[in-house]
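Two complexes are shown next, each including chain A; its partner changes from chain B in the first to chain C in the second.
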Partner chain A sequence: MKNTLRQVFHSSKFLVGFIIFLLILLTMWVYPFLNPGNPLEMIGVGTFARPGTYFSLYDAVNTPAETLRLSDADDKRVAASMSMEDRVAMVEWFTLAEVDIEGLDINDTDALLDLWFANYDSSLKLKGMTNAKKNYYKRLDRSIREIRAADTFTLMHPDEDSGELVKRSDISKTDYINVGQVTNVKRLPLGTDNFGRDVLKELVSATGTSIVIGLIAGIVATFIGLSLGLLAGYVGGFLDDIIMFITNIFTVIPSFVLLILISYSIGQDQRGASVVAIVIGFTSWTWTARSVRSQVISLRNRDHVNLSKLSGHSLVRIILTDILPYIASYVVMAFILQVSSGILSEAQLSLLGLGPKTTEVPTLGLMMNWAMLYSAHTNGSWWAYFPVILTITFISFSLNLMNTGLDQVFNPTLRD
Partner chain B sequence: MKKALAILLALAMIVALGATAFADDVSELPREETLYFAGQQWGTVLSWNIMGTNQNNSMAIAGGASGYRTLMFETLFMYNFMNGDIIGLLADSYEWNDDLTEISVVLKDAAKWCDGTPVTAEDVVKTWDVSVQVGNTTGTTFGAYIDSIEATGDKTFVIHGKIGDDGKPVNPLKVTDFLTGTPIAQAAWIDKLVERNGGDSVKILNDPGEDVVWSGPYTKYFFDDQKVVLIRDDNYWGQDASMWGKLPVPKYIAHAIYADNPAGELALKAGEVDVCQQFIGNIQNLWLKDGLPISTYYEEAPYGVCLTMPTAWYNMNMPVLAESAALRKAIAIAVDYDTIIANAMTNQSPSFAEVPRSLMNPTDGEQALYDHDAVADLQWAGNDIDGAKAMLDEAGIVDTDGDGWREFNGEKISLNAVCPNGWTDWQASMEVVAAAGEKIGVEITTLYPEWDIYQTVFTNPNQTEYAIYMWSPEAASPSNPWTRVNQFLGKDYVGAENNWSGNWGQYVNEEADALIKQIPLTTDEAVLRDLYTKLTEIYLTEVPSFSLMYRPSLFHAVNESVWTNFPSGDDGRNIPPADCTDGYGIAALYDLELVG
Partner chain C sequence: MSETRERKDFSNGPLCLSGRGVTKVFGIGDRKTVAVDHVDFDFHEGEFVSIVGESGSGKTTLSKLLLGLMNPTEGEILFEGKPRDISSGSKKREYWKGIQAIFQDPFSSYNVFHKIDSVLLDCINMRGGRNLSKEKKIELMTEACSFVNLKFAELTNKYPFELSGGQMQRLMIARIFLLKPRILLADEPTSMVDACSRATILDMLLDLRDETGMTIIFITHDIGLAYYISDTVYIMEHGRFVESGKADEVILNPQAAYTKRLISDVPKIHEEWDLSTVDLLSKEE
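After this line comes the complex of A and B, so read on.
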């Protein structure tokens, strides 16, 4: 046993897969300590906040400011509210409104602004201008008016007694605060999802659930496949015919179709994470059964098996002690693959809206399902689904790598 | 033999190719003459029979929430929910008598059917009589309020309202709704329809009506499971100076049948759809971030005109919900509405702080109908977890066995929150409701059945499968807010089979019902205000349902890649954002212009 393990860990493929998987497990274990709380808590009011560090504006105002005179600050402000595209659009507006733009330099911000403020009128109905374009100019006008605004914002707050606005402080263009001094700062490395949940926190929790689903599915599938395969292979005869008949029926029906039909008929209110896992397990045992059977057939006429038979050992004992150990390595590999495909099946099912019911636990598939329902893929909110895809990839990659590594160790034809 | 088979196969392939090529002809409508829609038609059109039911024909036959869709079949008048105006279409004018028992209506001289025959009082009378006889939507909706329609001349008729036992009219408000909500069919065609079906009501309702006669500016051109196309009728009577004075601009009205909302949204972004009646989350990103030529009725949030409020109904067939108003209110005050409005509606709705909850929609006209201060103490802004817990504790609904969930009469409360699958904004709302339940120790799980299943269950008056489920009350019509109030609190629809009409929670309150019955006959504004205030008070105390957000009855996002001059809030035309199809919203079609 010790020797086998040493052999296994000598396989670089297995080792890499194992380390990746271990790292994933470690993150699942450590991260909740760093960022405790309910992963399904909707912290953000609104959908899809971008990844980044959020600090409280309210607290920021109360944080003592330093004055920094940065030479490029104003230029950046102008660039932010007036891009090159905007400048071109302004010229287009002038042309449509038949304003004389003779000698206008598009890069001369002041000249452009002067001309704009002298001529722009939001109520003017220009021929051939769509409503969308008209709204765009209104927004542009608002944004460039900021450029010419005063250098300071004045902060007011209502007086407690009279309710009148009392001046509290001025915020100048040169005021800077140290983010480290702001009382409330929230880091959202992966932003929030459509419900305003912290995606990273949800992802870690979902990975856990999905691995558990994969494990349950793998155990169920391997158990069924192994039992049937052992029985069919060892006992043979009529029992073999019956078992293989059933297995063949399950093989010809595409298992994913079966999975969809079963999930649908169970009904969403009954579909917890574990029920889904068991259903996945029940639909994916066939190839384990077939390959275990063929392995057993090649084993059952070996001398030591015949010896056991002659000694009068029971069927169960022969299977458990004389046959199972010889195919154990194969079963472990099959199990790993079943876990991997279980995780993928859950993701596929959930994507179709047939996954576990949604209020209880996050799963990788459900995260993708909601991201898709909220068109995250079309509105550019990559953080809501891409890390999930990456996680699934890493999990199945590591499991498959482990499987290949084991294969190299145990399969004589592949041994170098 | 083999050769023959090969030739046969080749022939079959050519025929198949030819067939697809033929189908392509229709899909290649000239872009500059076609106005593309999304979000109205789901699934294949079943019938064109205006007297029938279950037509699944949203472009031609649809009683829109804010006015009838008059592309193919026309109503007597058009409703404009922006200002409450009732504008003549087939009819010119109407007049109530002093007792509010009858309306006299004069039809337009120019109004004609597509076959050139004039629209007469006889058509209206026949439409009404047969509708009642076969029990179609018109018949069942107005049967309780309209006694009969009597032709008094070729172009004039009188609608007699039903008179109650007390000698007063039952509901003049609903009679007014008839004017803007009922499409008129041709008498001669109805006779044909009745005759070929032997007068059998069921057969008449299910007749496909391929030969139907219409009066509107468009008619059927092509339909299958991929799309439905209407084509302009260039002989349309409405080009007469007494009506529009011209034809609507687009020659074709086309609606591809999309699988779901995201598909329609993608098509809108790509410029394949001009008018999109779909909820699009964070719609401002389409122009702010993506820079697309897409606009909405208003430039700023809530972008549209909110006319209704999607509501979570409590199922009163379930003892736990029926017996405990405290539980109903506790769940309602624990729900975080700001999150729903920001998440599910992406702020395309005013908040409940801006427009406190009541029986009214957020338009100024309806808001003025009740006394806000009188019910201020009963209001809740939501997300009040402590308040909800205290309310439940006080009502004795506590967790006795220590499992973290509260019990009612010794049994764990376990509710589901249900809405159709794929209705993402509603699904998100139900998630928020479920989250609120968890916070106050009441187990609420979400359930999203397919629409086909959902619609049969929630309209069944005896169902106990769904505990909390969503549906929207009526949006706007001449009879609102009365109709909506009746849907929330009235007794009329309790126990009705196949109930699409109202009170989906089966809530009964005799006091409220008595107040509701008084409203249609009340013309004194002070009394009316008093009645509405009292009803709001009952609603906020008893909480038979709770609204989750305000919502436009129709979304109206337009892509101006091809067409422009769609109605907008600041253009002074007062055309409602009714998707260019419903009520007075159809006026938009006459003003459209091509871009460039």
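After this line comes the complex of A and C, so read on.
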């Protein structure tokens, strides 16, 4: 046993897979301590806030400011306020107004603005320009001028008695505050999802749920498959025929269709994470049963089994002590694959909206489902689904890598 | 090897295992293979019987039929004069108290997950010694091991795969010594061990027979070995017994062509090896 474990951990593939999986588990364990609270709490009101650090504007105003004179601050500000669309529109205007724009670089904000202030005239009538377009240029001109004007913002608040606005302070362009001094700062490394929930927190919680679903599904599938495979393989004869008949029926019916039908018939209310896991387990045991059976058939005529029979051991004892230990490594490998496919099945089911009910726990599949329903993929909110896909990939990659590593250890002909 | 070993005549002794028209067929239709084809045999108590044949002649299948690990397709096996009944698990267990086996490959005969102690303890339990004191059990195991020149103190808490092939096969004999069945079926017990161990193992089998009076059914492909050790010889070809009788009669005066060939195939040290039969065989094919 000790030697086997040492050998297993010498396999680089197994080790890499194991470390990745361990890191995922460690994150799941540590992260809730760093960021406690309900992962399904809707902290944001809008949908899909971008990843980043958020700090309270209200608190920022009340934070004492320092004056910093940075020479490039103005330029940066203007450059940031002019989108690429605006720039293209400005060039379009120049073309219509027949301004010479040779050698103009669209990214050179200074040159663009110089040319704009020198030539722009809102009263100029240009051929083929709609009214709406004309107004757009007026607005663009005004916003550029506002930003360039060296104004300060004046902060007012209503007087408690009269309701009149009272000036409180000025915010100048050179005022800076230290982010560290702002009282309320929220880091959202993966932004928020469509319900305004912290995606990272949700993801960590969902990974945990999905791994548990995978484990339950794997245990159920391996248990059923192993029991039937052992019985069919060792006892043989009529019992083998019956078990293989049932197994073949389950193999022929696509298990995913079965999974959808069962999931649908259980109904949304009863469909907790563990129920979904058991349903997945019940539909994916056939492969294990078949392969265990074929392994057992090759074992049952071995001399050590015959000797055990001659020693008067019972059927159960022979199966448990003379057959099972010999296929244990194989069963562990099958179990790992079942866990991996259980996690994938849950993701597929949930993506179709047939996963666990949505109010209790997040799962990786549910997160994808939500992202899809609120069209995160079309509005560019990559943070709502891409980290989920990456997590699923990493889990199943690590499990499969562990499986391949074990395969190489227990099956020396595969070693390279 | 002494060729003058005294052979007793068992032909009138009490029968312990006999068969009438025993047949085993594998597969059906075109893929049908008749492994054992209507064989008759009578094994007597205390007799050393050899079944000799080349690979694929059905020896091992016959041994499994005799052990009750397989059911014959046709025919009847009589155990101590009465038809053998092994239809239920408990009847099988009872039958196996009377017949035990040593297999060809000692390396695959043991469960690699069990220690040597548990192999021997199983035998004590099977003989009804489950309630014996621990000291008594150890004494029995030590006695069995010393019978086969092994030291129990060195073997205890070891796994079978830590022993050499010869030691493992001797441990098998120690197992038989503990069980003391009336019939021992030895399926080529010496083919996987070296020549020195082979003589030791054969002598141990003979000692076992002399000590307990058990019947030994010795299955081998080596007719020389069979001649050295057995009282009675059965020659098996393609699932049939082509010749049988006392060892001296069959081997010194063979009647069947197959027996003659088997004898001429034995390599000899002081004569030129007669390979003409090999050519004959390849021409036949």
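Heads up, the rule we're going with is that the second predicted complex is superposed on the first by the 349 of 416 C-alpha atoms of A that agree within 3 Å, B and C clash if a C-alpha of one lies under 4 Å from a C-alpha of the other, contacts with A are read in each partner's own complex, and residues count from 1 in each chain.
The rule we apply is simple: contacts are C-beta pairs under 8 Å (C-beta built on N, C-alpha and C of every residue); 3 or more make two chains touch, one makes a residue touch a chain.
Model, not experiment: these values are computed from the prediction.
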item	value
First (chain B), second (chain C), both or neither touched by A:D161	neither
Most chain A residues touched (candidates chain B, chain C)	B
Partner chain(s) touched by A:D105 [first = chain B, second = chain C, both, neither]	neither
Partner chain in contact with A:D72 - chain B first, chain C second, else both or neither	neither
First, second, both or neither for A:V45, with chain B first and chain C second	first
Partner chain(s) touched by A:S311 [first = chain B, second = chain C, both, neither]	second
Chain B versus chain C as contact partner of A:T321, first or second or both or neither	second
Common ground on chain A, meaning residues reached by chain C in one complex and by chain B in the other	none
Chain B-facing residues of chain A, complex	40, 42, 45-48, 128, 130-133, 135-136, 138-139, 194-196, 268-269, 353, 357-360, 372-375, 378-380
Touching residues on chain C, where the partner in the complex is chain A	64, 67, 69, 89, 92-93, 96-97, 100-101, 103-105, 108-114, 122-123, 126
Touching residues on chain A, where the partner in the complex is chain C	302-304, 306-315, 321-322, 325
Touch list for chain B against partner chain A, complex	262, 265-266, 269, 281-282, 285, 287-289, 292-295, 299, 336, 338-339, 342-343, 346-347, 416, 421-422, 424, 427-428, 431-432, 434-435, 438, 444-449, 558, 560, 564-566, 568, 595-596
